[in-house]
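The structures considered in this document are given below.
The two complexes that follow have subunit A in common; it is paired with subunit B in the first and with subunit C in the second.
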Partner chain A sequence: MSFVPKKQTYNARINEVVLGVGEKAVTIGGQNVLAFHTFDAEIANAPKIGVELTDAGMAMCTMPGEQKFYEGCATVADMAKRAETMEGASFICLHLEGADPNGENKSVDECVALAKSVADATDMPLVIMGCKNIEKDTELFNKIAEALSGKNILVLSARDENYKAIGAGAGLAYGQKVGAESAVDINLAKQLNTVMTQLGVNAQSIVMNIGSAAAGYGFEYVASTLDRVKDAALSQSDAMLQMPIITPVSADTWGVKESIMPEADMPEWGSQEERGIEMEIVTAAAVLASGSDAVIMRHPEAIRTIAAMIGELV
Partner chain B sequence: MAVKGLDIFKLSPKKNCKECGVPTCMAFCMKVAQGALPIEKCPYMSDEAIALLSEATAPPMKAIEVGGMKLGGETVMMRHEKTFVNRNRFAVSLCTCMDDAAVDAKIAEMKAVDYERIGEREYVEFLLIHDAGDGARLAELCKKAAATERAVIIDTESVDNAKLALAAIGDTKPLLNGANKDNYEAMNALAVEAGVVLGVKGADLAELHDTVAALEKLDNKNLVIDVTGATVKETFANAVLVRRTALKDGDRTFGYPSIVNLAKLCRGDVHMEAALAAVFTMKYGSIVAMETMRYAEALPLYGLRQNVFTDPQKPMKVEPGIYPINGATPDDPCALTVDFALTYFLVSGELERSKVPVNLLITDASGMSVLTAWAAGKFSSGSIKKFFDEYDIAGKINNRTLIIPGKAAVMKGDIQDKLPDWNVVVGTREAVELVKYLRDGEHVKAAEAVAASKKPADEKKAVVDADAPLDFEKIAMSIPEIKVVDMGVSYKQRDPNSPKFVTIGERIHCISPVIREAMNNMDPEPILKRAAEQIKAGATYLDVNIGPAESNGPELMTWAVKLLQENFNNVPLALDTANKKAIEAGIRVYNRTNGKPIVNSADAGSRISNIDLAAANDAIVIALCSADGIAKDNEERMMHCHHMLERGLSLGMDASDLWFDPLFLVVKGMQDKQMDVLNAIKMFADEGLKSTGGLSNNSNGAPKAVRPILDSTLVAMAMMQGLTSAIVNPNDLRLMETIKSCDIFKNHVLYSDSYLDE
Partner chain C sequence: MYQVIFTFENGAAPVTATAAPGETLLETARAANVAIDAPCSGNGSCGKCRVKLLEGAVEGLQTGHITDEDYAAGWRLSCASKVTSDVTVLVPDIASAYQSRMKTADLSTGEEIAIFTRLEEDLKAAGVAFSNDFVEAEVAMEAPTLEDTMPDTERLTLALQDALGCEEVRLGYPVVHKLAAVLRHSGFHVTAAGTLRSGVMQVMDLRPFDAPQPMCGLAIDIGTTTVSAVLMDLKTGKLLAKGSGGNGQIRYGADVINRIVEQGRPGGVERLQKAIVEETLQPLTRALCRSAGVEAERILRCCVASNTTMNHLLLGVDADPVRMEPYIPTFFRWDGLKAGDIRLIANPDARVVLAPNIGSYVGGDITAGTLTSRIWDKDEFSLFIDLGTNGEIVFGNRDFMMSCACSAGPAFEGGDISCGMRATDGAVEAVTIDRETLEPVLSIVGKPGQKPVGICGSGIIDVIAELYRTSAISAKGHFVRENRRILRDEHGMGRYVLAFGSESDTGREIAITEVDIECFIRAKGAIFSAIHIMLSSLDMDVSVLEHIYVAGGIGSGINMDNAVRIGMFPDVDRELFTYIGNSSLTGAYALTLSTAAEEKVHQLASNMTYLELSTEPRYMEEFVAACFLPHTDRELFPSSVQE
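Now for the complex of A and B:
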């Protein structure tokens, strides 16, 4: 008798979460099988890619490929408009790095105005990524959530220390989607989802960010946490882990030695841009293979490649 | 699933005849289960048992060796379930359709990638030569490939061309990829004759399955499966399904390593190829062949592979040594930390960001983080001194500023004493703070202050000879006089042979700042207070952890033992330190009325000699069933257990004086291993062995209100399994009441309505 593979299907399903409004709204999550396991069941929604833009504007474009793509853009809003045309991009992620009180310390008002200008310039769903400072992020997210009310944005992210304020503000008062961020630990991830839903935030309004790392930099923890979250969500039907997962990739990968070492210092390594692109691609591909439902990336060539890869696999 | 040692034991003759060369049937069966001995070594095993076992003990996926590299042999689909065993290998593919210039360029590009990352050589391990239909050219390229000292994959489905290629390089044992539904008999004959591994191809999974089965019928099990399909999607499905069918569904026909040939799937798109190489590194490619491997691809891919193929229970370590950062020369200062890979990456990353030239010194700390290593005695002034001597740091570095981790500030004095020529300064507690610290030159100012405060050389302390025998009289004279204080409680006389559960109170531990301070000053009050609390709460033994105590261990332990025993009616104690001399001194003054002293602790690795120490002093020893890192399963736990048991017995110890510790694991993070620990306790009990352990470790990091619930539930489950002792916080009323109740049900204590007050 000829070989027929057994199917591995689950009764449980990852939540579907819609980001944005109108024609360009995207749905993430929804699948009831492991990543790209199309032979077990059809994948409900292919993983999505967001384009990371920072408040630094054109100054963030350190690589020739990025400079060329965004050529002629004067403002972050211009760049967002351009990013909409990027092959494989589904949403925009505005990363407010400069809000960090230990860095440039840009004011909340300035950040809100910037977020508004980006939202006005693009029809794509918008994700707002903070500066990792707990107090500043809390204020930023709630103010931006208020200003962009009705746009169905995602704020990235609430953490153990500020989930109450962000859940109550961005989540409940302004009806936006809320990211739940934990540091590469499945138990913390579940705990945060539990307390956030106890607060009244709808489970369907939560997207997890379980943490990330560049390939080679402790990535095994990320891979195993992703594996375990998906396993618990699907095989144990754990409703507190069925939120889809979004993983910011570029913020990590463009900071490691392999991507920042100039070719002049390391001639045998070759082109710095190629190294940065491949580091971003490899990390994103690995994160997606382990079950992330969306990734946030930066370089146009890396995004094109990962989008094509997703296209091949689903 | 592999068969467990104890399952084999059930089928064994159980006569302990030693004819197999192993002392007991149990030990023999454990070795068989690990694959260390073949079952046939036992002359008395029945044929049925052998047949049953050889089928059941065969691994679900074979490990196949090519070019000295093991492929496959995996037992789990996801690394957290246990671990991945053999990392995937990368190949660069060449084609007979390429001209010489193109071939030479590819080979040069491939060869350029060759470097080391955390103790592992990273390079392209295989060259795949694809045959586009030219046998002579195939043979020629194979020769060229073999000359690069890479393992070769001959990729042809033509028997004639395969023959030519094998004639050229058969002696290098290439992989012949290979066989299909039409040619498998002829290909099989070629592969067998040449003694090479045969790759199997097929249009789909059914065809692959049939061809592998047909080859197995011809008695060839030296195979790999080429899962490359017509599309990326199909290839991914094949890779996952072949692995899953073998591991989950127990169909060993698919229990072979895989080849994924990306050159076929993404011709020319080097970025797409990198993306897919990452996917198949994660998901089940054993050999991943690519058209292009430059540093741009290699750096992330090899880093990814190294991460994914680390054992989740063994910390990733970096080699000890000097790592110059930002172009540091011997004239630049040194910063010291441990060899835990994550610590290394964090610290070196921040040092790089600071742009300040620093020599990063990595010492051997068994891959633990700074605090864990310090508490375990693996990161001490002694180990640092040893490292400085072994690596001749003083000879290689001229600068004398030594920055130590902020978390190890407590060792500053000891390190300064051991390295008097250096100026030891305390760095930051977190790596991220290093950038500011270094840029502001804090370390320079601190080092100047240290240098200025140094006394003239002639006042240096006398060097202590660590190996000299202890002068007990001198020690006894040097400690403060012990005063007996009425703390309102007394320790009740105890029968050391009572079957009652033994609780070892853990509250006298130098990791607590109050106790550390008290020990530094030999101040009795805080220690007596904690002892009284624990005794009142019903602790059987008290643990006395004096930390690494490198400078005054023997004095400190002598003092602590006398202090506690004289104040509390000879309360029995567990002596807890990495300093052996301290334990020896403590036992010297120890009164055994209420039970032998406990040596806390030995393990099956670097601390195994603590068993000898216990044996020489007629003490009990807590024997951790681990060597380096947590045991990966109960086979390994039992192997360590038997290893230590044999050692203790050979030194004349009574088996009941070895208390085996399975190592309780944190439920947050290692939830799926909890039943393993409980089952290990049952195995100890089944062999009549005693057990103990730091039970409350399970609830580390859980909310305060939850911890007593977790701890008491676990103790009840563990006592049901046969746990005879635990290291606990006796002030946890719920836990102590649970233990007392379990002792009632186990019929260790006669019931009365007021049993809780006993």
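Now for the complex of A and C:
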């Protein structure tokens, strides 16, 4: 008698969330099996990759590979147009780092204008990532959500401190998708989803960001939390944990010493660009294997590699 | 050096002190023995040490605890204000409330007495005899003459041997000290009080026969926040007086850890011992004696039930090992203490029974409380929960008992809550809120017509449960409805006003803020997760429970529906819950009266297993899951619903 593997499918499903409009709209989530378990059931929607662009424009391109890819771009909108052509990219993520009051403190109006220009330049879905300052992000997200009304963007993210304002503004008033960010803890993730839905935000409009870290920087907590969130969502049918998960990878990996230490200072470590790309690849591969439904990345080479991995596995 | 004059809102005489430049007002106040409430031990986080600047200036930042309006009116946090000139400040009543609001209870109604008599009956039914070896003998002697030259001591000894048929009589120093005077004033007709054990009479007190006073026992419960005591007749068990007051150590920190840190500073051991003995127990005992009309020397036996830190601080032994790994205190059980050793107001020879500790964080208050709960006398499983600054939980039955402690903070006793107070006059102890208008109906401790001053533990449970039921707050404890009673400060922090300034006794608004709610959610989360972990460590769940005994001085009672609604207690049949009041005090009462109860409590202590939660890897996760209304796992609380 031949061996027949037992299929392990679940009665529950991860919510499908559509980002963007038109032909290039993407759907994340939807599967009823663990990540890449194609032998159990067909994966409804393969994990998606977003390209991170910051408000700094070309100044963000520190690596030769990136400079080459975006060569000739003058504005962030130009870069967004170019990013659309990147192999494996499904959406654009505009990271408004410069809005931080403790940094450049770019005005809300300036950021709104920038977001509008990017949205106009590309047909791909747009994700807006804030500056991590609670007050500024709240204002920023709601203003951008208003300006890009109808574009079906995702704002990343509402947190425990400002979920009400963002949920009510970007989520309810302007009908955009809302990210729910918690700090690598399954209970906190669930609590935030619960209060957001109690507020009236549709569970199908929420995407979780359960927090992340670069591989080697406490990543075991991230992996364990991802595993348990997916397990609770599928095997225990926990509706408050069935939101798909998006994980910003590049924002973490391009800040660790493996990626920022120049080759001149650490000749024995080899090429800085290669190291940075590898950090991005291993981290993205690991979060995807643990169940993340989308990742946000930066380097064209890393994105191409992860897209190839997803293509092989799904 | 600058001069600081403290004046008091309650009319007490002003105190003048000197301050070194750069010293904070709180430090100056402490050095001058001026009581200013500082539960956070002066690190600027609790906002309770407000004083009003009348003259002069101080240097310091306006913290988030003081509104612009109050700042302009001169209100400052004493811990954040450095003295830079001669100043005069007003210490408001609320800040010194923990000391001034000592209260002796009215025993005429019978309500206060009922729990003590019930305990006596219950313990007797469980086979614990209510007897002790105190005796009183009335003896008349011949007055000495030039022919009859026997000294007073021998005269009394012979008379007592005759009267009691005992072999030996020992006279304590307090007796010998007043012997001559008492004998001669009474015409050598006296009553002697003391213990009679195996033929030995130990005389502890002597009185003229025609001025009798009962032999008294004093039972004391020393809580981290509240101290309460009862005075009783050692022979009949009758309660003579009952009273409570704030623990004078509060100004050195709200929780045991802050107190231990404070006692580690130079002179700290003496300061903390003085705060509990001289500023708390002595005035409280004097008030009890006055109310009962008995003299302090008539207190012949005492019992103290308190947590491990509190009994170490009471005895003035270094409590530092309690908080340091491997957490080994000086004693669990020690029997040699006499009242005179630590200057208690009592007969100096009176033995002080200490209810035994079983761990650094499970102390005599719990062993005494366990005695009261009688979970050790049942076949079925019971849970005993003591809601205090430390929450302690005992689970078990006749065959075994397990205990654990979790740090709930002082929230149940009104600490760490902006308008919190102990359950004394003016405390809001129960609240209902209208679903539509969000208008509250308050029930207040005190005489009819008493206006609210603050809110005590049972009231806080009610407010939060009612705000949740009426959907005014989210499961995170954030305000989500708009109403005239829901206000926000300039930082956007919401609060619910229970009583506007015009409705309160102090003229200040009484409100519960989002920070208070968050703080309380943590306290209830600690309790629930401890229950959950303890049961699951035995592979059991709440369905095995047949009795849940809830103790603690958090008010006259707890609305169990509300306690379940916010996820503090497990969602089981409400019939299983029994509120047994201050079980530590009733346990101490039994230990004072009964030598058999004393033996029993030591036996219980040695049978209890201690579960250390801090080494339990799942505790943190359970705790986070429980810090939500009612719980992150809603299925644990099917009956908790919002309207």
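Following the convention adopted for this analysis, the second predicted complex is superposed on the first by the 314 of 314 C-alpha atoms of A that agree within 3 Å, B and C clash if a C-alpha of one lies under 4 Å from a C-alpha of the other, contacts with A are read in each partner's own complex, and residues count from 1 in each chain.
Just so it is clear, a contact is a pair of C-beta atoms (placed from the backbone, for glycine too) under 8 Å apart; a residue touches a chain by one contact, two chains touch by 3 or more.
Bear in mind the structure is a predicted one, so any value in this text is a computation, not a measurement.
Engineer: With everything superposed onto subunit A, say whether subunit B and subunit C fit together or clash.
Structural biologist: In the arrangement built by aligning on subunit A, the partners subunit C and subunit B clash.
Engineer: Under the stated touch criterion, which partner chain does A:305 make contact with: subunit B (first), subunit C (second), both, or neither?
Structural biologist: Only subunit B; A:305 stays clear of subunit C.
Engineer: Classify the contacts of A:313 with the two partner chains as first (subunit B alone), second (subunit C alone), both, or neither.
Structural biologist: first
Engineer: Tell me the contact category for A:72 with respect to subunit B and subunit C: first, second, both or neither.
Structural biologist: After superposing on A, A:72 lies clear of both subunit B and subunit C.
Engineer: Is subunit A touched at more residues by subunit B or by subunit C?
Structural biologist: Larger number of subunit A residues touched: B.
Engineer: Identify the partner contact of A:150: answer first if only subunit B is touched, second if only subunit C is, both if each is, neither if none is.
Structural biologist: neither
Engineer: Between subunit B (first) and subunit C (second), which, if any, makes contact with A:160: first, second, both or neither?
Structural biologist: Second partner only.
Engineer: So, A:267: does it touch subunit B (first), subunit C (second), both, or neither?
Structural biologist: A:267 contacts neither subunit B nor subunit C.
Engineer: Considering only touches as defined above, state whether A:187 meets subunit B (first), subunit C (second), both or neither.
Structural biologist: So A:187 meets both subunit B and subunit C here.
Engineer: Taking the superposition as given, does A:195 touch the first partner, subunit B, the second, subunit C, both, or neither?
Structural biologist: The second partner, subunit C, only.
Engineer: Can you pull the subunit A residues that subunit B and subunit C both touch?
Structural biologist: 185-187
Engineer: Mind listing the subunit C positions that touch subunit A in their complex?
Structural biologist: Those in contact with subunit A are residues 474-476, 478, 480, 621, 624-625, 627-628, 632, 634.
Engineer: Which bits of subunit B are touching subunit A when the two form their complex?
Structural biologist: Its residues touching subunit A are 78-80, 112, 117, 205-206, 208-210, 231-233, 236-237, 240-241, 244-245, 248-249, 253, 269, 271-272, 274-279, 281-283, 294-297, 299-304, 306-308, 310, 312, 341-342, 345, 349, 352, 668-669, 671.
Engineer: Using the touch rule from the top, collect the residues of subunit A that touch subunit C in their complex.
Structural biologist: 160, 164, 185-188, 190-191, 194-195, 198-199
Engineer: Would you tell me which residues of subunit A are touching subunit B in their complex?
Structural biologist: Those residues of subunit A that touch subunit B are 2-6, 8, 36-39, 185-187, 214-220, 223-224, 227-228, 231, 256-258, 268-271, 274-275, 277-279, 281-286, 288-290, 301-302, 304-306, 308-309, 312-314.
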